[in-house]
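Let me begin by presenting the structure, written as C-alpha cells, before commenting on it.
Chain IDs A, B, C, D and E follow the sequence of writing; residue 1 opens each chain.
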C-alpha cells in the first residue's frame, strides 16, 4: 500500500486537514479517485522550514504552508521539484493588535515599537509592510523592517496579555485573536481584509510536481477530501470546533469557537495569490514572480477561478 | 662541614620506655555527634532542604509577580502536574521521551567509545577526533536536520540522530581529556602487562579516567534532554506517540502555562532522580570507593 | 633464612672499569627523519589533510546526491559564502553573534567560577551545585524563555541569559569534577602554605584541575554557539543587528540552502579557528608544558 | 582537656618550652566498610628546638601522625596541642615535606615551586624571595634544573625540590616525611648536613619521619620508636649525644642495636 | 648494527648466555625548549640469571635506563637488544616495579592488583591465580589488607603491593626501580630475602635500581656503577661473593668503600 504523509502545523487555518483526517475523508476520497490501497497519514510539525525539508527529502508528500511560503518554494524549485499549491485550505483573518492607545494606524507606531510576527516571510510580515506602504509610501516598507521581531504566537500573545512592555504590537491570527479580543487594554489597528481589500488565501496544501505526476489519483482524492471537509466546516461549525479541540486543546468556550470558525472564510478557491506575489516581488522576496496565479497551482485548482 | 651537634642546645632528657598494650583488635572509637549534626550530615537530607528552599522561593516569587501566564506558581504547576499525572498523559509522554532518549544516549556512548579508542590509539585518530569535534560540536541541530531527514526520514531515528550529535562530542571530549590525563606510570604499568590498543583502553584508561568520563556522561545526559525536547517539536508527531517536548509545545500553544511548567517539572524530576539515584550510585561504587574523589 | 648466595650459579666475571668522558655539554644527538615523515609529524599538516578529506567527501556526496536544495555541494556553499563575505553581510553577522557569544560565555565562566568555588569550599555549596545542575542542566532553552523575557525583555540580554544557562552547568560540572580529582597531596601542600577558600582554588585547584576545566570550556564554547543560533531565531532581533542565527534562519525561510550552509560553514570555521588557535595555544602553554597531558 | 589549661610539668626534665603536646592520640581512617586505626593512644611532647624523629615500621602510622600535627586530620581520641592550643587547621608555621612524589605543583618550574610557599605566606620581602629560592635550589644540587617543570625530574630530584621549598621557608616547625628515602647515599648525606646546618642557624623545631635507624640517630635529638600497625609508643629516646662523626663508634652501634631490638625484637638485627 | 648479527665474544668470561645487550646507548628527553640527556653511551651486557644492579647518584638516569629496557623509551643513539632482538615495545616478559607510588590501579583492591597482571598475561591457569596472589600478599606482609583499595595504604605498603604483583608473575626478567626505598630496615631485609629466595627457585634475571651500596652488594651478582648526570658507565663490578652474612666482614666493607670511592671520589665516604 502507498503511504502518503501530509504535514501541518498547529493553527485553526489547517482545520480542513484536521476535519478530513478525523472524519476519514482522505481514505474515502482517495479510494473514490482510484487509488484504493492508499493510506493518508497526517503529521504535525512546529515550524515551516521542517515542512520544506520534508518535501524536499520526500519524507512527506504534502505540506501545509502559508501563501508566501508556497510562493518562495515555487520560485526556488522551478524546474527541479516544482512545488506548487495543490489546494487552498482557508482564508484566515489576521489582526494587528497594539497596547498603545494612541496608535490608530500603522503609521502611528513610533520607531521604538516592537511588533511581533512569527517570521519575516509569513503573511503577517508581508501584510504589515503592505499596510506601511499604503500609509507612508515606499519608504514605509523599510521602516518596519527594524520594528518587526520574530516571536512564536503563544509567546507574543502571552506578552501582550500580561502587559509586558517588551512588545507593543502583535499581528495575531486565530485562535489567539479570540484571546486578545477579550483584553480591554488592547485594540485592533488593522486587519488582513482591510489591507488587501478582500479575504485572501492564508493557508494551502502544497506538493511536488513529481508527486502529482506519479500519483494523480491520490492528488485528486486529497483535493476532493479537503473540499468535502470545508463543506462540513461551513455546514457544521460547532462540530468542526469539537474536532479541532480534540486535536489542539485550547481554552475556548464552544460558542466562541463556533463564532471564530464562522469568522474565518473557508474556500478551496485561491484568492490574493497575485497580490502577495506582486508585493513580494517589490520587496525582493521573489526575484522571478509568477505572471499568473495559475502558474503556482496544480490542476484541478489551476483550472478553476481565483486571483 | 660544620659540626653542628658539637654545639647542641638540646638538653638531654631521660629516656622513656613503654610496653605497648596488646590490642589485637581495636574497635571503633566514636566521637559523639549531635542529633542535628548527624541528620545534617546525610547528603539526601541536605539536598532535600535545598529543594524545599528552591520550591519556596519559586512559590513566593511567582505569587509576588502575580503573572501566572508567564510564570505560574509552584502550587499551580503541581496541580496541573498532578492532573496530567493521574490522567496518564504525562507518564505516557515521559515514557515515550525516555525511550527515544535512552536509545540516542546509548548510541552516542557506544560511538564515543569507538572514537576515543581510535583517538587514543593512533595519531590520525587524535586528529580526526579533534577536528571533527571542533567542527561539529558548535553546529546546532538545524544543521543536522537535512541530513537526518535524508538518511532517516521522519520519526524516532531522526531524533535519535540529533541526540547522538548533541551527546557524542561532549562525551568524547571529556573521555579523551580523561584518557590523556591518566598518569604516565599507570599507563606504563598497563603496557608492561602486554596491554595495548583496546585492552589498554578497557583495563587501564577507562577506569583511570572515570571521573572525567562520568562528568562527560552527566553533561551528555543533560544535553540529550535538551535536544530531545527541541527535536520533538521540529520532527513533530503523528497520532499519540507524543513525548514531553510535544506536550510542552502543545500546552504552550494553548497558553496553558501551568501545564508547560508541569512538563518542565517532569524533566527536572527525572533529572534529579537520575542524578540522585543512577549517577550517585555509580559514583559511590566507583570513584568514591577508589579514592579518586578527594574532598 | 635460605642462604642463596652460597649456591650461586652466577659465575664470576672480571670487573670492568672506565674513565667517563668529560662531557660538559652534550649536544643534540639527532636521528635522521625522512622528509615525508617529518612533514606528517606536524599536527597542522595532518589536520589540514583531515579537513581536505572531509571537504572532498562533502563535495562528492553532495554531487552524487544531486539535491542542492537539501544538501548543497561544498563548491556551491563556498560561492555563496564568498558572495556574502565580500558583501560584508556574513562578517557583520558573525561579528554581531561573536559579541553576544563572548558576553554570554564570559558571564557563564565567571558565574561558574563563583559556584564551583562555593561548592568546593562548603558542604552546602556542593549540595547546591549538584542539585541545581541536576535540575536545570536538562532544561531546554524554551523553559528559560519566559523568565528571560520577563527579566530582560527582547534583545541581547535575553540571548546572553540563555547562553549562560547552556554554558554554566557544563563548565561547572567539569570544573567541579576536576577540583575533586586534584591529588590529596597537592591539596594538602597548598593548605600547608596557609591557602584556603578562594586562594586555594586560585593557586592550587584551578591549575591542578586545568585539563578538566579546559575540556569544560571547550564543551561550553560549543554549546554557547548552538544555543546562540537557536536563540537568535526565537528572540529574532530586527533586521539590522542580526547575527549568524538570524542569517541562517532567513536563508532557510527563503530556501537559499547554499546560504544556510554558508552560515553553518562560518560557524565551523570559527570553531576550527578557536580550537586551532585559542584552545591549542592555551593547551601548549599550560597542560602540555606542565606534563599533565600524557599521550 | 581544655585547650587553655596549662599542664603542670611541661618543663620537667629540661628548661625548654614544650611546643607540641600529644596526649593519648588515636588516629583512625573511617571509610564506609572499614575502620583502620593508624595509631593508638600515642603520647609525647616535643620541646622547642627539638629534632624529633618518628621511627617505626612501614604502615605504623608515622605519616598519619605527622599529618595530624600539620592539621590535616583530627584525632578520634586524645588531644594534640601546639603552643597550648588545639591544632585544628593547617598553617604555614608548620612546613611539611610529604612522602609522595606528587607534592610539587606541576604547573610551576622548580624555582617557582620553591618560591611559591614564600610568596603565598607573605613572610618574606618580595625582592628577597627569588634569591632565597635560588640559594635553596643550589643547596639541593639542582642549580641546572631551576627552570624545568617537575615532570622532567627524576624521583629523587622531585624530593629535593620539596626539601628546598621547605627549607627556604625557615619555618618554626618543619615536618618531614621520609624526605631522603629516594636519595642516594651521598646526596642524602649532603641533605642531612644542610638540614643540620640550617637548624643550627635558625633553630627551628624539626619533626622527621624515617625508617632508617642510622638517620634517626644522626639527625635526631629525640627519637620516638613506634610499634608495628597500629602504632603505639614503644619508647622515646634521647639522641643528643650522636652525630655523623660518631657513626663508627661502639656507643653509636650499641644505640643502633638497642633501637633495632625495640623495633624488631632482639632475635634478629636488620641492617639498613 | 644489525639486529640479527651475532656478536662475537658474547659468552666470553662466562659460560652463560647473554640476555640483554646494551651498546652505546644514549637516552634523551626532548621537550620543546629543552633537551635533557639522561645517559650517555652506556654499554653493558646482562647474562641470563644475573642479578644486575644499577647504582648511581640521584638523577643519573637509572630509571630512564630501566624504562628503556622495559621498552617504554627508545635510545637516541646505540642499540638495546634482548635475545638478540632490538627492544621495541613493552611486554609481560619484563615485569617492572616502578619507583612511583601511583603504579597501583586505584580501582582494584590489593589482591585484585596482584591478580591483575597474572590475569591479563594469560600465563597462569585461572584457578591458581587467586591462590598465588594470596601467597604473594602474605609474603609482603599485607595479609590483613588484601581487600583494601590502594588509597588506604601507606607509601611503603603501596610499594610492597607492587613488589608482590611483580614477584607473583615469576617473570623471566624482573626490573625493579628502587622498590625498597620506602621500607623500614626490617621490612626491607625481609623483602630482600624473599627476592633472593624467589630467584633461587625460579632463576629469573633481575635488573635492580638502588641508591644503597649495601643493598647493591647484598642483592647483586653484578653491579653497574654510573656517574652523575648524565649517566655514563664508571665500572661494572662482580659481586657474586657477597651476601647478608658477609655484611660485617672486612671484605664486604672494603668493597663498599671501593664503590663509594667510585661514586663520590675518594675524599669523602658517605654512609647510608
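The criterion applied here is as follows: contacts are C-beta pairs under 8 Å (C-beta built on N, C-alpha and C of every residue); 3 or more make two chains touch, one makes a residue touch a chain.
The shown structure was predicted, so the numbers you read here are calculated from the model rather than taken from an experiment.
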Ordered by label, the neighbours common to subunit B and subunit C are A, D, E
Most remote chain w.r.t. Subunit E, using mean C-alpha positions, is A
Greatest number of touching C-beta pairs links chains B-C
Per the C-alpha means, the centres of subunit A and subunit E lie apart by a whole-Å value of 82
Between subunit C and subunit D, the Cα-mean centres are separated in Å by 43
Within subunit C, the set of residues that touch 2 or more other chains is 67, 70, 146, 149-150, 183, 252, 289, 292
Residues of subunit A that touch at least two other chains are 49, 53, 57, 152, 155, 158-159, 164
For subunit E, residue numbers touching 2 or more other chains are 100, 102, 152, 244
Chain-chain contacts, ordered by label, are A-B, A-C, B-C, B-D, B-E, C-D, C-E, D-E
The subunit E residues in contact with subunit D across the complex are 29, 31, 34, 36, 56-59, 63-64, 99-102, 148, 152-157, 160, 178, 181-189, 211-214, 244, 247, 260, 263-264, 270-272
Listed in rising order, the residues of subunit C that touch subunit E in the complex are 1-18, 20-21, 23, 26, 28-31, 289
Contacts from subunit C onto subunit D in the complex sit at residues 183, 185-186, 188-189, 191-196, 199, 203-204, 207-208, 210, 286, 289-292
Subunit C partner, complex, touching residues on subunit A are 48-49, 52-53, 56-57, 69, 72-73, 76-77, 80-81, 114, 119-121, 145-152, 155, 158-159, 164-167, 285
The answer for subunit B against subunit C in the complex is residues 43, 46-47, 50-51, 54, 65, 67, 70-71, 120, 123-124, 126-128, 130-131, 133-143, 146-147, 149-150, 166, 169-170, 173-174, 177, 180-184, 187, 211-212, 214-216, 218-219, 221-223, 225-227, 229-230, 245, 248, 252, 257, 264, 267-268, 270-272, 274-276, 292-295
